[in-house]
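First chain A sits with chain B, and in the next complex the same chain sits with chain C.
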Partner chain A sequence: MSDDTAILTVDHATVVYGSEAGLAQAVNDVSLAVAPGHILGVVGESGCGKSTLAQAIMRLLSPNAALVEGRIAVRGRDMYRMSENELRMFRWKHVSMVFQSALVTLNPVIPVGKQFQEIFQIHEPTMSQVQVRKRIEELLSLVRIHPQNLSNYAHELSGGMRQRIAIAMAIALDPVLVVMDEPTTALDAVVQREILDEIRRIQEIKRFAVVFISHDLRLVSYISTEIAVMYAGKIVEVGSAHHFMAAAHHHPYTQGLLDSVPKLSGEGFTIRAIPGSPPDLVHPVRGCAFHPRCSAAYDACLAASPILRSVGSSKFACFDIERRENEKAHG
Partner chain B sequence: MAEMTVNDTNKDLPNDSPHRARTSSLFGWIKVMKKNRKAQVGFIIFVGFILVGILAPVIARYSPTATNFPPLEPPNAQHWFGTTGLGQDVYAQFVWGTRSSLIVGFGASAISTLFAVVIGMYPAYWGGYLDRVMATFTNVFIVIPGLPLMIVAAAYVHDSSTLTMMVIIGLTGWAGRARVLRAQILTLRNREFVWAARLTGASDRRILVHEILPNMLSLFMASLMYGILGAILAEAGLEFLGLGNLTGVSWGSMLYWANNGGALLNGAWWWLLPGGLGIAMFGTSLALMNFALDEVTNPRLRQMSTLSRDRIVRAWHALRGESFQ
Partner chain C sequence: MGERKDLLSADNLVVRFRQAQGFRRAVIYPVNQVSLTIARNEVLGIVGESGSGKTTLGRALAGMVPIAQGSLWLKGRNVTELNRKRLREYWAEVQMIFQDVYNSLNPVYTVEQQLLFPIQHHALPNVEPDQELERLLHLTGLTPAAAVRTRLPHELSGGQRQRVAIVRALASGPELLVADEPVSMLDVSLGADILQLLLDLRAEFGLSIVYITHDLPSAVYLCDRILVMYGGRIVESVSADNLVKHSQHPYTQRLLAAARFEGPEESSARSSDSVTSSVLLESHRGCPYAERCPIVSEICTQTRPELVQINSDHTVACHAVSTSLEERNG
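The block that comes next holds the complex of A and B.
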């Protein structure tokens, strides 16, 4: 799936954690490509490996995790072939990240303005104080934060303000890719929406690509140009966001996610939860990881693990969809 | 087909090592420590010294104070560690010195531990007036320089028996440890899990014993180990300055006599070395056990040492049946 024009290419990446129980495959043979200026939304339930994927892209995996297969390249440069020094200069300049909680990423004992300056001190040592100051103020106005807040400490700002500042910091060096791991999860619904609009607006101005990670399908479909659905470390469905909500087919897991979003129907709310329990990544079931929870599962699903195949405008890793497509094709 | 056989890799990972045992009890730790290389080495050295101390009368071969040997003999078959300038057997001195240095070390650290716990830990949990008084008391003790205080006390009591040494060292050495334990209690007592326990109606005693102490055990043990080492160093310091019992034999007094007898001028390295090495090796054994304890009680350190990225990659490739460089 390597695409020469893509900003981010993830090629058959597999990440495992060594844990007390054994090897956990948190990211399992994932391939992705994000084109310049596109927003890829990654959605899936808790523990499916979204954050691990984000960390793998940033080469920020925890010490007991390893990218054991595959390649991850940003702007055509393999993140895992860089020396520590190259990586230090590459990260943030070309690919940056927004974390779930800015309270943990902003240093509590340093005013936010000072932390902003540090980014430029490290990456743009030739810039003068005045230039840096001007640049920071531009960035802040982009996320609609008043420059006087620069002298504040993180705990003196609201969650929404902190997240805006974190976004401004992420785009400080004009990266081509920003990875956002649940950037709005710690915020209330109204602020969440504001931040999403902010991201979209800034993204339209700056044209950076985004990997937007969330467990909330509505948020993802609101902001993304492409949507990838993850289950048990695998991408089970990926397609353009434009058609996503109205698409004819969905992977049974995606369908479950869609059904679990509250809908206002004639009789009021209907919510359907996905039955069964989340998968065990250390002792994966044989066959398709989703089959124990899938109502459409048949013998093929128990025997082997499906791989992503194009059906219509999307790609699915589902034997049932393939079968139905084949039946249609053959009459 | 990788999905089906993932379980097999478990044999390449330390399946039965640390993490398995519930490590909140002392007993669980001991089980886990047994498998830690650092702990093993540290423990063997430690037990070696203890045995030497206990068996001193049996293994010393000569009296440590007898002066009837040829002076300044290098190590030989009769005198394994050579002899001193006064014609004493260095090996006998080392063996007996181990015994008295360890006795002072353990005794003094028991006294300072008692003080550190009673003055530092308990008042900190309940807070309030008593805590403020005790904290002030501790802080005053911390700023009094330890060595001069010990020197003054030792010179003043004019009694250099082993028990006096223990008491002087114990009473001057508790303050720093009390402060560390107090600080830890202060951070723990307001943690969410302690509040959660309080909300479920747990009594103070239960919280202290079941919520706080398990989280402090490693710090407490570290404090104990450094207490012992500190006491041995303090004893050696006092002896070296001639303030101890110079008719007795300890690592410190060996250094004192070696220094005063011109061991270096005479090239008698065998006279100088054993006292210093005894202190250094015993300290190393405590430090090794302490590092191991850190790893055992801190899950993150533990994972880093047992589950390195290389091992994970190797385990993965072993599972996939590929040869891997």
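The block that comes next holds the complex of A and C.
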């Protein structure tokens, strides 16, 4: 998976959390690559490891977590080999992040405009005041915020405006990669849609790569070029977003997610929850992590953990899909 | 008001809040002249964005916020201004469950302690509370019941906690359950079970349910009829089937397009992208949706549109819709 042209490469990354109950493997041997201008959507439920993966990519893991195996590189540069100082200059300039709540990014006691200026003061100290001012206005017009809002404090702006400003700040220094962790989850449906369209539009102009973390499969298939579905710290399905919703087969967990949500077009459709309970990351089950909840599970799934294999245009970590594919190939 | 088949009806309901706006105090109307009826065994959806008034309306129906004007009727009885004792009786018949279930359960009580008290309090003389608890736990899928009974809220999954809250709500034998975003904090694979459980309970107990949400697809799935709210007012009232195919209000259509990820790209250079509180002020004139509406015309900023009947199960408050209706009818 170490594609030389890729903006982001994650190679066999494993992240472990220490907790009172023991060690939890939040990200388990994950490999992926994001090419320039692509948007990789990472989908899964609470505890699947998607947010930990985002934090690991930014090297922003909490103190009780560590990348214990594997390599994460942006444009070939291993972020875990940088000094604190190098890292500080690398983040924001080359890779930046948009959080679920813009209030994480925005300082409550400093006007928005001042925070914009600080980004340039730190990272582009040679720029003149006039250049900075011009650049900020360009960024604001990109996210359709009026410059008069620069004098506002974060709490004076609506949730949608705050998230637009957080996006403008994230792309202020033209990074090659932006990691977005549930950027629209806290917003109302219409505003959510506006922000998604804003991200798509800006991304088409600026061509940065995006890792877009979400729990919402439909939303991710709308914005992404590729989709990765995570369960219990592993990627269980990855493929092009183009035909994702209409694909012939899915990993049983992905199918479970699709069957759990009501659809506006589906008359006579009955939603079905995924039986069983979410995985225990401290005491993982033997075999495939999803087998206790899977109706297609058979003896192979209890014995070993499946790895991602190509079937058609997607990749799946599922013995049942492999078996069916083999049966088809051999008549 | 108060027809036989209606369980609950509201007539021009108004809820008034005092709100600090800078250094001034303002009076806002999060629910403004809302009329509705809930039939027995009906699931009624209330849909809208933050600030639309949907949660406040739900709380007013559940007797949890004072009603400033208008009247509320339960089975033909006027229940608008109840004293303490009467309010307790009302709460036995109308129960509410919440989005943030973690904060609505007592963290130091086990499931059994949490639930046995309301069951004992409301139990009929011939009902053994312990057996009733057992029955409700099984009915809501809280199994194995023996193990669940001794757990504390933090030892349960989010879905299980919401089930405990549902059992507690059922303990008084209510006829109406007001469910405010009951699944929006749950993972989708668990939330589906709760939605299905609500439908099962409706069948089992003949319950009526008010389902409050910002998620249009789940409302269409669960509900018989849906009220779309904006700026404290109902802008469209329609059967769930017709909402998808024949909705008329520009706001409903926009919610639909957003939920479907269809239609033209959303982009607008408005200075504000959510319900501004000025539409909740008494001084506000015209249609509450006017400042965001793509087909706004002069009259919309002057006069507030009344709800107009389009057919037997469909009313809309929109000048554009009324005008085209008049033209069609000559």
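In this section, the second predicted complex is superposed on the first by the 325 of 331 C-alpha atoms of A that agree within 3 Å, B and C clash if a C-alpha of one lies under 4 Å from a C-alpha of the other, contacts with A are read in each partner's own complex, and residues count from 1 in each chain.
The definition used in the following text is that a contact is a pair of C-beta atoms (placed from the backbone, for glycine too) under 8 Å apart; a residue touches a chain by one contact, two chains touch by 3 or more.
Just so we're clear, the structure is a prediction, and the values are computed from it rather than from any experiment.
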- Message: For A:274 in the superposed arrangement: first (chain B), second (chain C), both or neither?
- Response: second
- Message: Between chain B and chain C, whom does A:20 touch in the aligned arrangement: first, second, both, or neither?
- Response: first
- Task: Would you check which partner chain A:323 touches, where first means chain B only, second means chain C only, and both and neither mean what they say?
- Result: neither
- Of the two partner chains, chain B (first) and chain C (second), which one does A:65 touch, if any: first, second, both, or neither? first
- Message: So in the superposed three-chain picture, is A:284 touching just chain B, just chain C, both, or none of them (first/second/both/neither)?
- Response: first
- Task: Going by the touch definition up top, name the partner, chain B or chain C, that contacts more of chain A.
- Result: C
- Task: Determine, under the contact definition given at the top, whether A:256 touches first (chain B), second (chain C), both, or neither.
- Result: second
- Item | Partner chain in contact with A:193 - chain B first, chain C second, else both or neither | second
- Task: Check whether A:222 is in contact with chain B, with chain C, with both or with neither, and answer first, second, both or neither.
- Result: second
- Of all residues in chain A, those that touch chain C in their complex: 45-46, 144, 146, 158-161, 188-194, 197-198, 200-201, 215-216, 218-219, 222, 256-257, 259-265, 270-274, 277-278
- Tell me, which parts of chain A touch chain B in their complex? 16-23, 25, 63-66, 68, 282-287, 289, 305
- Note on the structure: chain C residues touching chain A in their complex are 49-50, 157, 187-193, 195-196, 214-218, 220-222, 244, 254-261, 265-269, 271-274
- chain A partner contacts - residues on chain B that touch it in the complex: 3-4, 6-7, 9-10, 13, 15, 19-20, 303-304, 307-309, 311-313, 315-317, 319
